Every structure is written in structure tokens, then in C-alpha cells.
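Next come two complexes built around subunit A: one with subunit B, the other with subunit C.
Then we have the complex of A and B:
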């Protein structure tokens, strides 16, 4: 079938990463470079008076204050169209609204002198206010306004009751559906803020080139949006900015926006007229820079006696912290996850994003889907139980599958589902875990109790659609043939470390029949690539990979034109292309005429020697669908009812990703998806002290994520891929990054219920909470 | 709390002198000569403290390379461990595994590979964290510490060594030379159990038990706990109470008795109530496991 897709090849960055040779932002060294440090607000809500920079400056440091940066409001994430973008950030602030908010910055020749200069800054606080840490307190009458007014696009809008964004939606006759229901479940759920724990802390290096243009290297998931952001804030034309792509140590959403460090580094660099490196420490990153959103959800849903879901209602209060990193589209996406999980005949939704004096929240893997999926999958489990129906059957009867309209990333991103592996995955995975033998929680006794739970979910593959909508989503690719027949692949799309670009290389390889080893993935920048929105929304393979395929197809067409001339074929259609193992190259030939054969290397060389010109293609691609990548998790846990400790025993992870381009890397996404989901379900929680200081101020000592020893080993982790084909995906492929984790919390929580008969409506389900539930103490 | 702008963990944001003495004697001389000098061994606690400016020494005296402090000696009536012996060496050392399997078990559960290869037993004890993992096993064994100074040396029972969280009775100019663990050649079962958030964390609760039986009667029992009081503690009253009882009776009584001898607190890792509850369970678990090992693999300790 395929020569390269589905097969295993060394990763293009595998060796350099294993050998420690890969150059991350932190490793970028520019001659004459200064080191930056940020002066962070020690108060959660205050007003800055005078900033005395004289001592720091007398030490030779360059100091950047709020007066030195453009007075421009912005939203650091550019994904919504301008009219739907809420802006309330400044590069540096005189009104810090969370502990850690940047007030000033310094740059000095060494890291030590920068630290000393930072300590020499004298910042007066005119007022320190009582911080508002709870969204319900923030919205109660009389609460102090965290922001009086913000911008929506180019308009000013007043903020009322600290609600920064709202979204309402309804469909169908809810009351009628409610009357028709014989079971109704009504629950409230809470998901706390969680830290992304990406390997690499955020940072940036900036340099002004001799011609006055700006080069930046930074830990971003999107180089082009970073370019646009710098341009919008500093008024630099976009063709005078080159944001370079460097390897990043994971993202999980933490680099989905332009991290403030980048904008501060640019400010320092412009003021100093020297290159500047500004890299957050783990503490800066973890305690003061970014966290996930916090969700307070209420879900009410019903079903008929026959097990048909009737209506669903969701209220969603999102605690977004002190600034918006696209909280508005999150409200829409949360609705999208809700709508597309099950066939609600009527639905009602109200979502609001509330300001509090805490670190601004940004997307975390799944963008609301893990949270909504956990809540919905809990309610669905409860309904099935009340109806005495098998939870798997109940799901199969009611989920949104093939032929249904689906709108993952919000109301304006809709398409029809064409590939659906859910029935196959449910059947195979439930069999593997021995679902039927899981038993009733009431029948389980003894100290160690095992339970099996199911969670079903999905994620979109990108945020494309037939109409333009409110979300920007398109990608670009350049494929170029060198004079020896090797290929350069030039893309802005960032690989977070999961192997997205290796998948692209295989897609190009398959299209051209050239082995991946002859395709170079070029480290490029915004000046040399065409626009790609961001590696988010699990779009890397589905959208970016299709852009690459289209560019490769264009190159293939041109190759065949040249080859037809060289082989005297009547036209390019007469030619076939195959991968020749011996030559390790593509070979173009005329069927039935063995002497009419030429290797791609030869085609390229001859075209060069005869002055025919280079073969290349540049493509900009918008996907008109965003198909769901479905996942199904069956998890077995063991609960120690004496200590509350929960262990994962077995995991069966089923994924419908269409054609599997890299089976081992896709399996890796599921292992990783389980790990992060397990962490959310059982441990992750950012807690704040009353003064707004995060309680985990010692970073990794205080805040733990599971290690490999806390997770099931390979023998107890089975991955099942559905045998589906997505007609719109490159060679039939869909996304995976987020669907890999979306249903995990749900499956774990349902498994804990199956073990001990207790439902938790608040995560993490820690040993302390389990013990309190079982014994009343804890 | 220190202002957040003073913390920069890429750097050790302070300056100090650094000495690498060639002998214990030289190390003692340096400590004596320099006001506010601090010993550094593996640095896995101290460097964190330096970064957060919780300590501000004028000088560091590095003892990690001193062969005089890196040894395990098995004598007739004791095993002696040099203070600069790493946790990984404890986990692997033949004499420790043979005579002090309780300590070896704690060493195996300690931190990560990287940490175990830097961290030392001396640093673990001198840092005096209530969660120090080598402390409960050593308390159970009635270990003694030899503290060296220029004026000679003194021996302090470990039980008298801890003075509070992060506080010991070490005096200025003293270095912990070795840990001496008496061996009575009595058959015993053992168990060290650590409850933590992840496999790479300090304990929420830890319990070490050494148990000898006479038939089914408890002939000798030692129960020590970590992370449930200002210092690692022995539950001596409980031990006294259950000695002479049948094992079943002892297991039934011990948890509540131990609970009276501990005083856990709330912190980022857990709550006081959880610790109290779980300490009882883990005491029971550790006693059972020690009991089972007494009959299956019992060692002479």
C-alpha cells in the first residue's frame, strides 16, 4: 500500500535531541548579548507609583518601565478574528493585577549583573488592594473592578461585574424535552487551575540586525502570530521582523500565545540597541507566567426511559485570572465540546469568563474538552446507571457520529462527520479490558478495590470549516527540489516535540515516492515561510500535513512534466512514479517500457544542466472541515480504601485518527495523553494563598506531576487504532494531540466510582479527598 | 516570604567562598577559622536553600570528596557508615543490604537516580527535615552519630540529634563524621513504607518498623515515623505497650497508640488529618510486612 506512511523512520530531530545538540531558545547566543530579568509584582492587585531606576542604571543596566513601551492594549493570542478579540494586556503595567505581573525589566551584560540590577530597582506602590481570588466573589455586587474597560477589536467596552466575556446559546424546545425525560441528572463540577509543566520554560532572544530589522527566537507554538503581535505592539512593519523557528520543549498550550517574555525582550532590545536574552526560570514560568483555566460547570441533562438523550443544559463559569488569553473562544469551544458529544434534542448554554487577581489562564491541552468531557461523561454514566443500561451501549446509542453535524471549536466551526471509528473502538477496547466483568461497586469489598471506567471523547482536527467564521485557521507549505533531487520542506508550523513534522515528511515522501531521509525539514522563520496560524487544535497533521501534501503534489506534477520531456512520453499522464529501494530514490517510468526510466535525482540534475528552472511549490491551505478524532479510554484502577491512594492498573486506549501515519509516535501521544489526564484527575492543582501568592512557590518541590513510575508500564497499556479513513485528511489522516487526553479524566473518575461507589465532582481526586469521602476525616 | 524578585534559580544569587579540603582535619580547621562557614556534601538540600537565600554562608566547605567520610564498615556489634556515603551507595552496599535492610529499603525509595547519586546520608540527617527518609530506619536501629570537631569528637544518639524542623544539636565547628548502627544479632523482620504524592517526592507519611518475635509474642519492636511531627520520631510509648503482647493484639493496639505520639501539620503535600489517619494505617501495614518478613527472610540486626 504505502511506502512510507505507517512505517517507522528515525526522527529528523531524534539524534540531535538525544545527543543534547538541539539548540533551543535558551541555547541561542548572540555576540554582545545582554541578559534580561523581569521585575514582577509582589502584590496581587496594586497601583504603582514612582519607579526609581537610577541605581540600576548607574550599575550599567538598561531599564524598561511602563513608560518605555507603547501604550497599546492587546490580547497575546491571535486566533479569533479582530472583532472577537478582547484586549486588556499591556507589555508592562502600572496596575498589577496578579502576583508576578511584569512592572519593569532590566538588561545587563551578565546574568548576575542583571539580577543585581533587578534588585536595585525601587518600585513604590501607591496602593495595595485586597485581591479578589474567587470568581463568584468577583461577580458579586460591590466587588472592586479588576478592569474598568477593555477593548473588543477596536471598540472600547465597559466591564461589568468583572465578567470579561459571555456567551449564550440555545436550540430546540428545552422545556418540552425536559417533560419527555424520565431521568434527569443535575450536577455541579469544579476543575482547578493546573500548570502545563512543559519541559522548557518560556524565553526569547532578540537581535536588531545591521539593516535595522528585528530577529527573534522564542519558545512559541506559532512564529507568524508572534511576528504579528510584535508588529501590532511595537508598530514595526511585518517584513522587518523575522521570528525564527527553534525547537521547543513541549507546549501543551503554554506557548499558544505570544508569551509576555517575548514582548518584554523586544522592548529591552529596542531600548538597549543590543541583543537581549530573556528566559524565565522554572519558578517564573510555573508560579507567575501561565496556568490553565479554572472551570465551574453545572450540567443538567435528561433521557427517556428507552435511553434516548433528550436535553442538555450547561452553565460554565470560567475563572480566567487577571487578563484574557482568548477566554471568549474558550467559552465557544466549551459549548462546542458539549454540543458535539451527544445528540441533545434541545440545549441551552451560558458561559462567562470572570476576572480574578490571579495569573492569567491560557489554553491547556484540549482547550476545555477534558473538563467538559469529564462532566458530561460523569452525567452520562449516572443516567445510564439510573436507566439500568450498560454505559457503553448508552453512549453508542446517543453519541454524535457519522453523518451528524459536528462543531467542535465553537458555533462557527461546523462540518459533517464522515469518518467514525467509535463503534469499532468501543467493541474492541471493552473486550480487551473485560468490561462485562467489571462488577458493581456495591458488590466490592475489602481494602483494595478495583474498578473499570470508560470515557469517550474527541477533538477536532483543526478549526477549519466551509465558512470563514470567527476563528482563523489556515496553513502554508513550501516544497523545493534541489539540483540533486533532494527535497527541502519549508514550513512555519511548529513541532512541539511529538513528531508532527516527521509525519509531514512521510506525507511528502509518499506523494513524491522519495524516502524521508532525502527530505530536509528546514529550520525557517517568518521571513521565509508562508503563514501558519499555530500548532494548536490538533491541526498539525490534518491541516499542516495536507498543506505539505498539496505542495508536494504540485511538485510531483512539475516533476512529471520535466520527466515526460526527458523520456519522450506523450504527456505526464503516461508516467508512473515508484520508490526504488536500490537507488533509495523515486523513479519515474513508462509502464510497459522498461528502458523508459529515470530517477528523480537525474530529473533534477538534467533540469538544472539544461536551464529548465527549479521545481518548487508554495501552498496556502484552508481546511473546509475539522473532523473529529474520536478516542475511547477504558481504565482500570485500584483504590486503597485505607490510604485513598489510587493506582492505574490497566489502560486500553482506542483512537480513531484515520490513517495512522506514525504508529509508534501516535501511540506515544496516547501514553502522554493518559499521563497528563491521570495527573489532572488525581493530582494537579494550583492553589493560592489569601494574599494571591501561589502556594506552590517552590515550584517542582511543591507541585508534583506523575513520573513514569507512577504510570502503567507498556504491558498494561494497550493502544488500539480504528481502521478508518478520513476523506479530507492527508492520505486519510486526522488529528490526535488533544483527543489523546480529552476523555482520560472521565475514564479515571468513572473507574474510581466503579471501585468504591463514590462520585467526585471536583478534581483532582486526591487521596485526601477519597479518604474524606470514605471515612469523613482526611 | 522573600520577595519574588530576589529568587532566580538559574543562579545562586549570592557570593561565598568555596573550599575543597583534602582531609577531615583540614575541613574542621576551615570550619573553625571561618565565621559562618557551612558544610556542603551532595548539595541537594543546601543548593536549594542557597538559591532561595534561606541560608547566607560566607564559605562552603565541601566534604563530598573526603574518602575519610565515604565508607561502610561492618564490625561485630555495629555497622558504621561514613557521613558522605551517598544514598545510592546505601541502596547497593552489601553490608547495608545484609544487616540494615530497613535502611536499604528507604534508600531505594529515595528521590530519583540523579538525587540518590548526589545526596548523602550525612546531609539527609544534618538537614533535619521531618521528612528525611533515612531518619526513621536509623531511629528504629538506635543509631548514634559521631560528631567530629577540632577538640575531639562526641557521640550523640540520633534520637537526641534533631532539635526541630531544620534544627540539630550540631555546634559550630562540628562535622558529622559517621553514623554508627548497633547490631544485636537478633532475628528481625523489617519494613519501611513511604506514602507520597508521586514516586519522586518527599513523604506525606513514612513509617519504619523493626520487629522481633518470640513465637507469636512481640519480643522487640521499634516504630519510627517521618513527616508527622517537627522531627522524625520514635513511638516509644506504643512500643513499650505492645512489647510482650501477641502480634495480633499488638497490631490492633499500635495504630491508636502511635497516633498519640505524633503531631502532624497541614502543608502543600497533605493535611494533618490525612497524615494522622494514614499514619495509623501505615503503622499497621508496616508491622504486618515486618511480621511476614520475620518468618520468611528474617535477618539478624
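Then we have the complex of A and C:
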């Protein structure tokens, strides 16, 4: 049915990436640039006194102190509307609130001289306070205030008990629903802070052009929000900033906001009047720059004897570290994940984000969904067991599917579900893993025990909706036809590596009937693109792809107008467009009149020669829905009861992404989604010492992520796509990036339970925890 | 000190500091950006190069020690006949996502094949030092198997 969608094409940036020729931020060099280094706080909570810069300056370095940067409070992530944005950050601080918080920075002609200048800085600390590392200690009476007041939008708000943001919500008659429940499960869950471990550390390169424009290259998931952030902090007009899009060596949420390196590099660049490159070492990146939120959840839920879910209650204390990277919308999204998983007849939610003296937390793939899904899917499994119902049947009976109201990204982002592949996926995947033969934990003996678990989840495709709401979400695309019929596609949207932009190219190809090889995805910047909010919320294909399709449709309309004139057709409606394999180009023709045909290349050439003008389109697009992309994971694990080591045996991953645009790349999202989920379930954890220093000081040996030997290979990994079509998506497509990982922890934990009969309410489920639990008799 | 070595088939001579690593000299001095910085302490494999036939993490090699040696980097390997086949297999199987670790994988796979490795399990052991956070290694191993079968 399609010429290009669903077919395999080598990705446009594949060769340059494999050969190492793709230019990442780390690879950008500008003539005459200085190298920057950051002076980071050695204390988790302190007050800076005098900063003596004389020695460093006498060595020829440019030094940036808190007095050199604008005294502006900000939130580095721009996604909520202004009134719902909590601001408590400064570029450089005199009151460091976590180990590693930037106090000053230097720039010098070489990395060595920059390091020497950094070591020559003398920073006095007037006071050093006892750090508060635990959110419950932070909220207890008498705890020292980490922030006295912060800004919400443009007004000051007092911070009480170190609670930076709160959200309450309720619906229905919870007490009545509780009374009619015959099963109630009440559990507490803990998810630690996790490091993203993206392969490229954060960095930025800045340059002031001769006309005064600031050009910046940075490891960001959003070039336009980076532009706005720089403008808001430094007061530079937005048309005097060009943030260039460069490949990013992995995101996973770590570049969803404007990392401080970028703002510090801009400060150094402005002060020095010279280009500056500021890149983090791996240690800086993992110890001081970014980490996930930490969750303490309590879930109470009930069901009737007939297996109908009645009520759900969730308490959510989020340890967000020393500053807010949009913790408030996280509270809303956590509620959204909870609400949209199952049909609670009544619900109650209380969420709070608490300050502690640790590295500020930011989004990690799923934005709370993997954490909430794990907790809910554990409780749901337990309820099914108590009711003696098949966990798959219990889920199918109660999940929120087609026709239901759905608000994954929070209370203000609502829409109705129109495509739903859950029943199909559950049926196919459970059969593939041989669900019915999984056995009871009590029946399993011996040293090595195998178990099969299920996890079901979803993610939204973007954060659009029919009403404007509290979240900004729209995208843009420019498509232009060259004078030989080739196409340039210009977008601000960042591709983290999932192949989002290749999907866009196929969407444009399908609309124009031009092969993807004739479409160039142009590396661009904020000056040459229209606004795109960010590559997050799994919106790249659904929102960005639809923007691209609309721009291509506009171009197609103009092509047909020109072709109608050239072919003497009565009007453009008389024309058809097809892909001609021999010409490897689109051909426009009049049905039934074989001589009336012309290639797109000819249309473009003739239009140029006759001075008809260029064909192009610029589109800004807001999606009015954010449909769920559903995923289902069935995982088989093997637990070594002597060592506590868990090994993945088989994975069956089912995904409802609507139309599959790039099968091998979409499968890649599920492979990678499983990998990071497995990592969270079994290993990832950032631990802090009492002084607020992260314990994983060195590098990726201390913080080990899975290797090729730790994960299943293709023979043991089956991917199933549902045969659905999303009416609002480009050619029926939905998102995938985050739904690919959201139910993984749940499936793994449920599989471990099925193997050894022990439920864990704290991740990672390490060998130590397994052995302790087995010793305790399960 | 001056160091002379063969870089991608061409003799080069560079002035290096005693404490400089091969990674720094390649990236900063010789502008070979295909060798990526990922960790600087030999744990991620993004900076893998081939030194006298062996894959090594160039961040752990002192530049002074490569005097008289032969070094191959990913940008060069990708253009050799065997290197092209490795890249094509990676492209066909969707083994490349963000692409930051990919040159390291290309280099390690290339070196392992030259060393005579033909068994996928042995290849996994060879790739133990190359970390990837995007792919779960599934499509990378698919590419490897396809390639090994074609040799």
C-alpha cells in the first residue's frame, strides 16, 4: 500500500556515524577558541565568601564568578507555561546546594592551561552546613531550609518544609469504592536515583559572530528552548542567537533541559569575547550534572470479587535534589500514568517534590512512567493472584483502552483513545512466551529457577491536546523543492538516534512519492527553523512527523498546480502522482492519457526556467491529541539462588505504534528500551555518602551498565507490532521511544516473583537483595 | 618529544607532551575526530583504535609509546573493503542509533575479524569493552552474525 513507509532504508546518517565522521558537540572546533573548566562546590551545602581570581587571571585565564553573570533565577527546562514554572537556579551560585554545583569557571587557550587556572582559583567558604540527603528528613520539623523562597512564574513563593511543588487530585467516591472491594493491596515502593549513562558527556561550544550573533553548539534535545533559555538569562534578543543542531550522543532525558555547561560557556564567551569550548569529563557528567528523580510511592488499590478494579490511591514523594528541573509537571505526569493505566472508579493522589542537597534530578526515559508502571503492575499482579485470576485476563478486563478518556501527561492534557492494540498484543505475545506453561513459584526448586512475568504500559505520543493546558507542545517543518526536483527538509527537531528524522523523510517521501534518497535532512539551527518544543514525550514521529507531512502536503498541492499548467489539465484535481521506479522520481500524470505525464524533476526545472517561483512550505503544527502507544512485555528470567544473579532468558515485546514506519529502527527502540529497563530493574543506582558525595566517584566501572554479554540477543528477543492505525498520526503512526521501556521493570520484577516467589518493592533487584530475601525465607 | 608513527597508512610526526594520551593526540593534534571521547579511563570503548593490529582504547595509551607503531582509526577503517562490509551490515540491521559508540564497535569488529574470529559468541567477548546505551546490542549482534556468515 505504501511505497516507502514500512520499508527498510539505510538511515541517512548511518555511514557518517559508523565512520565517526558525524560531528558531535565534542568534535566542534572553532578557530581561536578557549577551553573552559568549571569550579564546582566540594560541599553539599555551603556559603561562599571571597573568590580570589587574581592568580588565575595573572596566568592569562578569563574567570567567571557569580558577580559576572546576570542575577536571574530560572528553571533550565522550558516545557510548562510560565505560571507553572518554578525557578530556583542561577548560572553560578554563592550558595552551593549540592556537591558539584558550579561556583565559578575559567577559560584559557588550552585544556592544560584551563585546568591550571582552575586549580589557581581560591574560593573561601564562609559556612558549611550539614547536608540534608533524605526527603523525609528534609520535610521533618526543624530541618534547615534549602531554599527560603523561589519564583513561580514572575512571583515569589515561600518554600515550606523543603517541599518545592505539590499536587493533589481526586475523583469519585473513594470510600464507597473501597467498601465494595473484596481485595485491597497496599504497598510502598522505592526507586533510586539513576544516571542516564548516555555515551556523550554534556558540552557546549559558543562563538560570537562578527555581526554580534551568538552561535552555540550543544548536547541538547531542544535547540529552540536552549535559544530561549540563553535569551532569558543573558538578555540577548532571540534573533541574535543561533543554536545549531548537531548529533547528540544519547539523550534519555539528560539533555531535555539546558544543561548548565551551555549557560556557563555562554557567560565565558561573552566575557572573553572569544569562542569557548566547555565539555564535561565523564566524571563531571555522572557525578555532578544530571540524574533521574528518586521516587517513594505508596499505592493502595482494590478490586471486586468479579475482578473489577474499584479504586486507586497513590502517594508520591519525589526527591528532586537541590533544584527544580520541572518537578511540578513530573508530579502531574506521574498522576497521569497512574490514572491512565487502569479504570479506577475512584482515585486520590498526592504528590510532592522535595528538595535535598543532591544533584538536581531531571527526566529519564519515561518521565515517571517506568516507576509508576512498575508499582501499579506489581499491585495489579498481586490483586489478580489474590482473586485467582489470570494476570493477563485481569489486565485486559481493567485497562484503559479504546474509547476511554486518557491523560497520560497530566490533568490538563486529555484526549480519547482511538487506536488500541492491547488485546491483539496480549494474545500474540502470551502465546509466543508460552504464558500458560509458566508454572507456580511454589512448584519451582533447584539452584536455577526460571520465571515468566508480564508488564503492560504505554506512553503518550507527545503532550498535545484539544485545550492549550499547562504544557507547551508544538512543532514545525519546512519542506522545499530544489530546481532539479530534489527536496530539502529543514526541522529543529532533534533525533536522539532512534531514527526519528529518517521516519520524517519517509513520511515526506510517501506524501510526494519521491524516494527518501532524494530528500536531504538539513542540519540547521534556530535561525533557519521554526519552533519545535523538544524531542521528549515520544513526540518525534507523531507530532514532528505530522508537521513534516503537512508541509509536504502543501508542497504537493503546489507541485500539482504547476504540473496542471504544464500538462494542460483542467485543474490539479485531474492529476495523479506515482513513484516511478525506473526514473527513481515522482511522476505526475493524467489518468487515461499516457502522453500526459511529467517527472517531478522536470516540473521543478521548468518552473525555474519560466520564472514561476520556488515551491516550499513552512508549517507550525500543534497536535490536538496525544494518543497512547501501548506496549506489552513478557520476560523470562533465570535466578541463580546461590549467587542471586538474574539472567534474561527470553523477551517478547509487543508494541502498538500504529503504522510502523521503519521496522528495523522501531525494533531497535524495543531492544534498547528493554536494555535500559533491565539496567534499572537489576543494577542502576546512584548512592550518596554522608557528606553528599556520590559514591560512584570514578567512572563506569563503579556505575556499570549492561554489556553485550548481559542482554539477550536476537534469537531470544521477539518483537511483535500490533496492526493498528492511529487516525491522527502521520499515515497512522504513533510514538514509541518511551513506551518501549515503560513496562520493562514491571515485567522483570514479576518474572523474578514467578521464579522464586519473592516480590521486591525496591529496585534495583540486586543479587544481594535476592539472597537476603531468599535467606529470610522469601 | 617527537613521535613518529604510521597513521592510516601515512607516516606522521608529532610533538607530544609526556603525559598526553594517544586519544588527545589523535583528536586535538591530528584532528581525527572519529575517535570519540566517552570516559577517558578505558571503560566505554568509544575511543577504540587499532594499534599494531590490536584494538585498544586510545585513552589508555600514552602517545609517546606509539613511536614506530601503526595506528588505524574508524574513519579510515570505514573506507577499507572489509570495513565497508562491517558498516553495511550495521546499516542494514539498524545497528546504529545515536552513533557515538558506533566507530568503536566498527573498529573492534574489524580487528576481531582480521584476527580470525568467526564465532558470534567469541565476538561477544571481543565486544565486551564496547558499551552502548541505545541498542541493547541486539541489532549489533544481528549485523555481526550476518557479516560472519558472509565471510
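The working rule: the second predicted complex is superposed on the first by the 775 of 778 C-alpha atoms of A that agree within 3 Å, B and C clash if a C-alpha of one lies under 4 Å from a C-alpha of the other, contacts with A are read in each partner's own complex, and residues count from 1 in each chain.
By our rule, a residue touches a chain if its C-beta (ideal position, glycine included) is under 8 Å from a C-beta of that chain, and two chains touch if they have at least 3 such contacts.
Please read these numbers as outputs of a predicted model, since none were measured by experiment.
S.K.: Where does A:281 make contact in the superposed view: on subunit B (first), on subunit C (second), on both, or on neither?
M.R.: In the superposed model, A:281 contacts both subunit B and subunit C.
S.K.: Between subunit B and subunit C, whom does A:47 touch in the aligned arrangement: first, second, both, or neither?
M.R.: Neither partner.
S.K.: After the superposition on A, what does A:664 contact: first (subunit B), second (subunit C), both or neither?
M.R.: second
S.K.: Which partner does A:705 contact after superposing on A: first (subunit B), second (subunit C), both, neither?
M.R.: Touch partners of A:705: subunit B and subunit C.
S.K.: Given the touch rule stated above, what does A:645 touch, subunit B (first), subunit C (second), both, or neither?
M.R.: In the superposed model, A:645 contacts subunit B only, not subunit C.
S.K.: By residue count, is subunit A touched more by subunit B or by subunit C?
M.R.: Counted on subunit A, the partner with more touching residues turns out to be C.
S.K.: With both complexes overlaid on chain A, does A:695 touch subunit B (first), subunit C (second), both or neither?
M.R.: It touches subunit B, and subunit C stays clear.
S.K.: Check subunit A for residues that touch subunit B in one structure and subunit C in the other, and list them.
M.R.: In the superposed arrangement, which is not itself an observed complex, subunit A uses residues 111-112, 279, 281-282, 698-699, 701, 705-707, 709 for both subunit B and subunit C.
S.K.: Tell me, which parts of subunit A touch subunit C in their complex?
M.R.: Within the complex, subunit A touches subunit C at residues 8, 10-11, 13-24, 26-27, 29, 111-112, 196-201, 247-252, 279, 281-282, 496-499, 662, 664-665, 667-668, 671-676, 698-701, 705-709, 711-714, 717.
S.K.: Along subunit B, where are the residues that touch subunit A in the complex?
M.R.: 1, 3-11, 13, 48, 52, 112, 195, 197-202, 268-271, 273-274, 276-278, 281-282, 285
S.K.: Across the complex, what residues on subunit A touch subunit B?
M.R.: 37, 39-40, 42, 99-100, 111-112, 115, 118-119, 121, 279, 281-283, 287-288, 642-645, 683, 687, 693, 695-699, 701-707, 709-710, 767-768, 771, 775, 777-778
S.K.: Which residues of subunit C touch subunit A in the complex?
M.R.: 17, 28, 31, 33-41, 43-44, 46, 73-75, 77-79, 86-87, 90-94, 96-103, 105-106, 120, 124-125, 127-128, 130-142, 145
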